[in-house]
Structure formats: structure tokens, C-alpha cells
């Protein structure tokens, strides 16, 4: 039950974060197709952030599935993750309204990097509390994707001063890499169940 | 439980989408009845979108009732549907603030069309995973309403350049058609239960 | 479970409606105590609406407790109630920003009246579906408060052109009358349980 | 179940309050690093309030764990707490946008003080209804932290006219003091379970 309320709260925050992002797409004053043109970068940023938040919700969901007891540190590590994700609408808006200017791209990557680190901390806390024989420990394994993501974010941040599109490519690459739901946990869960 | 969290998240997003739409009804500066007059198209668009989102919540609710296992593709098809629905407040605001100008009507219909397609994809994925003998497959049957809606949306989009009200009529027609809750699923569920 | 999702969705909408109302309390530009003065009517309206929405949530909670099966009409009657409640932030903002001008007071009362009617419809639908021997039917009884409220709202609307404060008194009176949680349902529920 | 809906509603309100606070971090017009500089106090206030709301959610969660029956007074005491917490985004925004001006610091402390009092009332009502032998009564004990907090808030409010940073220190001190989750309830719960 403790876990239920943590999940409900996280779902609530993620649902609101994902939805208030749409408030950044301000209704234009004109009523012609041309009036929508300045919104294109805003909508593109919205799509990218929507996918990122979807991935986080999805993986959070799978990870929490393996948690048996919510301790104080897990609770705060979760809030820490939600903190960084709550800043996504701000950086999405800044990036979109400034047509992917270098500095806005760098901050966007920076927030994603911090969220990835927060996720990593949360994941490790859960593994630690449930032991290396726990479902999550087995499922995560060497955590290739989790270790590659921060590197790609840093490359994205570094390259935004060369060209915004190279930077965007790195961010899209990470999203694509994670878009596939975390089969590892699903598979490990199924194996566990078939053994018992 | 997996399903519970998907439903909770979808409910959260839909509840927020339906409620932030009201933020588009901006408080007028004057305090006379006449000051409310420019808000009439905004309120009318709000009512139409409120009904549409109510229908989606309602049918989503019935459809999810038949789901036994949430797979990765179902999860993403659901997020895809929520993406299009999350754009409803934007198009509602644009349409309302521009007094149902043709282009705003077309975009409104376009977003509804995309949401309908997303719903169709989600529905087919669920049917596919649960087999043609599943409850949803039986309940949906030939899916007359599901196939007619996109056609009506396209007619609505096409006719907005002739007259905004013809276009509005098509959108209202689709809403009325769906306003009746999906008895098919309810009935099929009851039949299933009475057999077992 | 059907009922659970209806409750969750209603809770979501009410929680958002109650919270976005606070967005109408705009952060003032100055940083002195005097800069807060123009906000007094806005905060007073916020308090009144907060109490009203609290009452609705509270009574909705008690009423839903007695529901056994959610039918299509109940679902739509519930959405109809949520529609009128979703307009509360708008009328609260309008009333507060215009220092309780007569017309804004009238519209505030009008929305409360519509919400009361929507609540009445929902209540009657539930009673109808569960029979006059159902818990809600017994608990509501002659529904004195439910019948008095619309009259007081109408008096409030009518009197706002004489004096805004008389009108406000009527609205506060209704709130006070309902502030006491619906003991009738609680008592009837307990009686039912003690019999079984 | 009654309790479940109270928790769900509180979670919803807290999740929304925590998330709409981010709307106060307005997207700047420029796209240089320097354009973010005026946002520093806004972000700092956001972090402090995020931690405070996290603490409230956390402790609310633990406290509700010990509740067996939700009575009318508990329900309203809970709404009273949510009322003061719903004003946190407003005072956070005012404080941040005015670079921690004395009066804004005082109001921030005032709202925190009122929330602390509301929490105290709620806690006492729960203890009263469940008896001094209840889990919460044992866990809270002499309630040292609960009694110290209001004093620190008052000191914070008083000192803001001397120096904003002294005031800020008091507020940060209270947050740090509470950041440690309420082990007392956790421990008492475990003891209770080990006895049974």
C-alpha cells in the first residue's frame, strides 16, 4: 500500500508535467495556417519531451514493479527524480520558443542528464535494498543503456555549440534507444514467476 | 496491477486536459454582462471539447475493462492516443478565440481525426493480443461507428472552407453518435459473465 | 472497479479545479504589504470557492459510497456535474478581480445553481437505479438541504443588484448549511451494517 | 476505502500544487545564459518549496497510515491543511520574483506557519479519535519537532526585517529537521506488527 501511494503520486506528477507542457504552445493571435508556423519548433520540442516523459513513466512503472518495500531513501530519491522531470516543461518551452538556440539545447540536455542521474540513484537504492539477487538487479544487469545515456547527453550538450541539429540528434538517439520498453525486467519477472 | 497504473495515468492526463481547457476562458477585464459576449465562442468550443473528452474517457474506460495484460505496444499506443488528446485544449482555444474561423475548424477536426486513428490503433492492438474470440473483438464487431467517424471528420475538415457551421455540424454529429456509451462492450461482458 | 475509476477521475478533476483556482491569485509586481491589498477580494472568493468544492468533494464521496453499479446515465450525469464545477475557477476569478461587482456575483450564483441542479440529477439517477429501499434513498429522505439550496442561490442572484453583500450572505449561508458532512448517509450506512 | 479516496485526493492536490509551482518559472525572452540569471531566486524558492511539499506529502503519508476511520472532522482538517499548502505556489512566486524581499519572506513564513498549525490540528484529531494508545499517539510522543517548527517559523518571520538570509536560514533549518522521514511512526508500526 505504501508503494501504491508512491506510484499514484508519481503518476500524478508525471501526468501533470506532461500536460502543462502543452500550455507552452500558446494560442496564436491570427487564424491563418501561416500563424501556426512560429509554433513548429514549440510543437517539435513538445513531441520530444512527451516521448521522454512517456519513457520515464514507462520505465518507472517497470522498476516500481520490482519494489517490495518503500524506505525513506527510496521515497526521497523518487522525489529527486520528479524534481528534475518537473523542470522539463520549462526547458522545453525555452528551447521551443528560441528555435533550438545553442544555450537552450544545452540546458535541455543538462536537465535530461540530471534526470538520468536521479533515475540511476533511485535504481541503485532499490537494488541495494533488495539485494543483488533481487529482480531489478538481475534485470538491469550491466545496465548498458543506463550508462550510455549520460555520455550521449554530454555529447549532445557539447555539440550544441557546433550545430543545434547534431545536438538534437543525440537527444533523439537516447529517446529511440529507450523507446523499446525495458524487456529485461519483464523477462526476468516472467522467469521468476515460471520458477515459483 | 499493471493495468491499474495505466488506467490511473490515463485518467490523470484526461482529467488535467479537460480541466486546463478552462484556462482558455480568460477572465474578462470589465464586469458587465456585455464583457462576457466575446467569450461565447470560447465557451461553446469548451462544451464541445468537454463532451469529446468525456466520450474518450468513457470509451477508454470500457475498452480497458476488457484488457487482461498490458504489453509494451499497448502502453505506447495508449500514450499516442493521450498525445493527440493533449492537443485538444490548444485547438479548442484557437477555434474559440477566432470565432470558428475556417482554418481553426480544420485543425480542430484534424486533431480529432488523429485521436480517432490513435484510438483505432489501440483498439486493434488489444484485439490482436487477446484474440478474435476476446471480449473486445466480439463487442466491437464490424465497428461501424469507429469507421464512420474518420469519414465524418474529413467531411468536417473539407466543408469548413464552405461554411464553418456545416463543419461544426459534422463534429457535433460524431459527438452525438458516440454520446451513447458503448453498450456493445457492456452487453458482451454481461453475456460472458452469464455463460461462466 | 468501474466505480473506482469514476471516483478516481472525479477526484482528479476536483483536485485540479480546486488547485488551478489558485492561479487566479496573480503574483503582484511590488513587494510591499500594500501590494497585496488588491488581492483581498480575490483571496476571499478563493476561500469561498475552496469551501464549496470541498463540500462537493465530501458529499460526492459519501454519495458514491452508496453506488453499487455505475450505468451510462450515472456516468454522464457525473460528467455534467464536473462540467459546472470546472467553471467555478472562471467565475471565482471574475468575481474576485472585479471586487464582487453585481453581475459577477450573479454569474457566480448561476454556476453554483447549475452545479446544484446537476448534483440533484445525479442523486436522483442513483436513487432510481438502486430503488427507494436503497441506502441513498433512505439517507437523503425528503432532501431538505438539497431543495433549499437552489432557492437560496436564486435569492442570492436576485439580491446582488440591491447589494453585493446580501448576495454574498446567501452564498455563505448555503456553504455553512452544507459544511456539516452528510451525516444522514453515514448514519444510514451504519444502521444497514448493524442490521446485516 | 473511505481512507483511500482521502489519500488519493490529497495526493492529487499535492501533486498539482508541486507541479504548478513550476509555472512561476516563466520562460525568459532571450536565449543566452545571462537571460537565466534573473531566474536564480525563482528557482531557489522553487527548490525550497518543493522540499517542503515533499516533506508534507511524506509525513501525511505516514500519518494517514495509522488512520483507521475517516470522520467528518478529519476530512475537513485535511482540507484545511490542503488549503494552506495550495497557497505555497503563490508565496513561492512572490518571494522568488522579488528576490527574497523582507515582506515576501514574512508571508512565506506565515503560510508555512499556518500549514504547520493545520497539520497539528489534523494530527491531534486523529490521535483523539484513535485514543492515546493508538499508533500515532505513541509515535508522535512529545512531538518535539512539531512544537519546535512554529517557533522557528515565527523567528524566521521576525528576522526577515533584519536580514532576509537569517530568515531563510530558519526556514531551511525547519526543512532539514523534517527531511528525515518520520521514523517514529515507521518504528512504532513495526513494533505493533511484531507484537501481533
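Note that the chains take the letters A, B, C and D in the order they are written out, and that residue 1 is the start of every chain.
Note that contacts are C-beta pairs under 8 Å (C-beta built on N, C-alpha and C of every residue); 3 or more make two chains touch, one makes a residue touch a chain.
In this text, all values refer to a predicted model and were calculated from it rather than measured experimentally.
To fit its Cα atoms onto chain D, chain A must turn through 90 degrees, a value rounded to the nearest 5.
Where chain B touches chain C, the two copies mostly use different residue numbers: shared numbers make up under half of all numbers in play. For the pair chain C and chain D, the distance between C-alpha centroids works out to 27 Å. Centre-to-centre separation between chain A and chain C, using Cα means, comes to 38 Å. Annotation for chain C: residues touching 2 or more other chains are 8, 12, 16, 20, 23.
Every residue of chain C that touches chain D in the complex is listed here, in rising order: 7-8, 11-12, 14-16, 18-20, 22-23, 25, 27-28, 30-33, 36, 47, 50, 54, 57-58, 61, 65, 179-181, 183, 186.
By the touch rule above, chain D contacts chain C in their complex via residues 1-2, 5, 8-9, 12-13, 16-17, 20, 23-24, 72, 75-76, 79, 82-83, 86-87, 89-90, 93-94, 97-98, 101, 103-104, 107.
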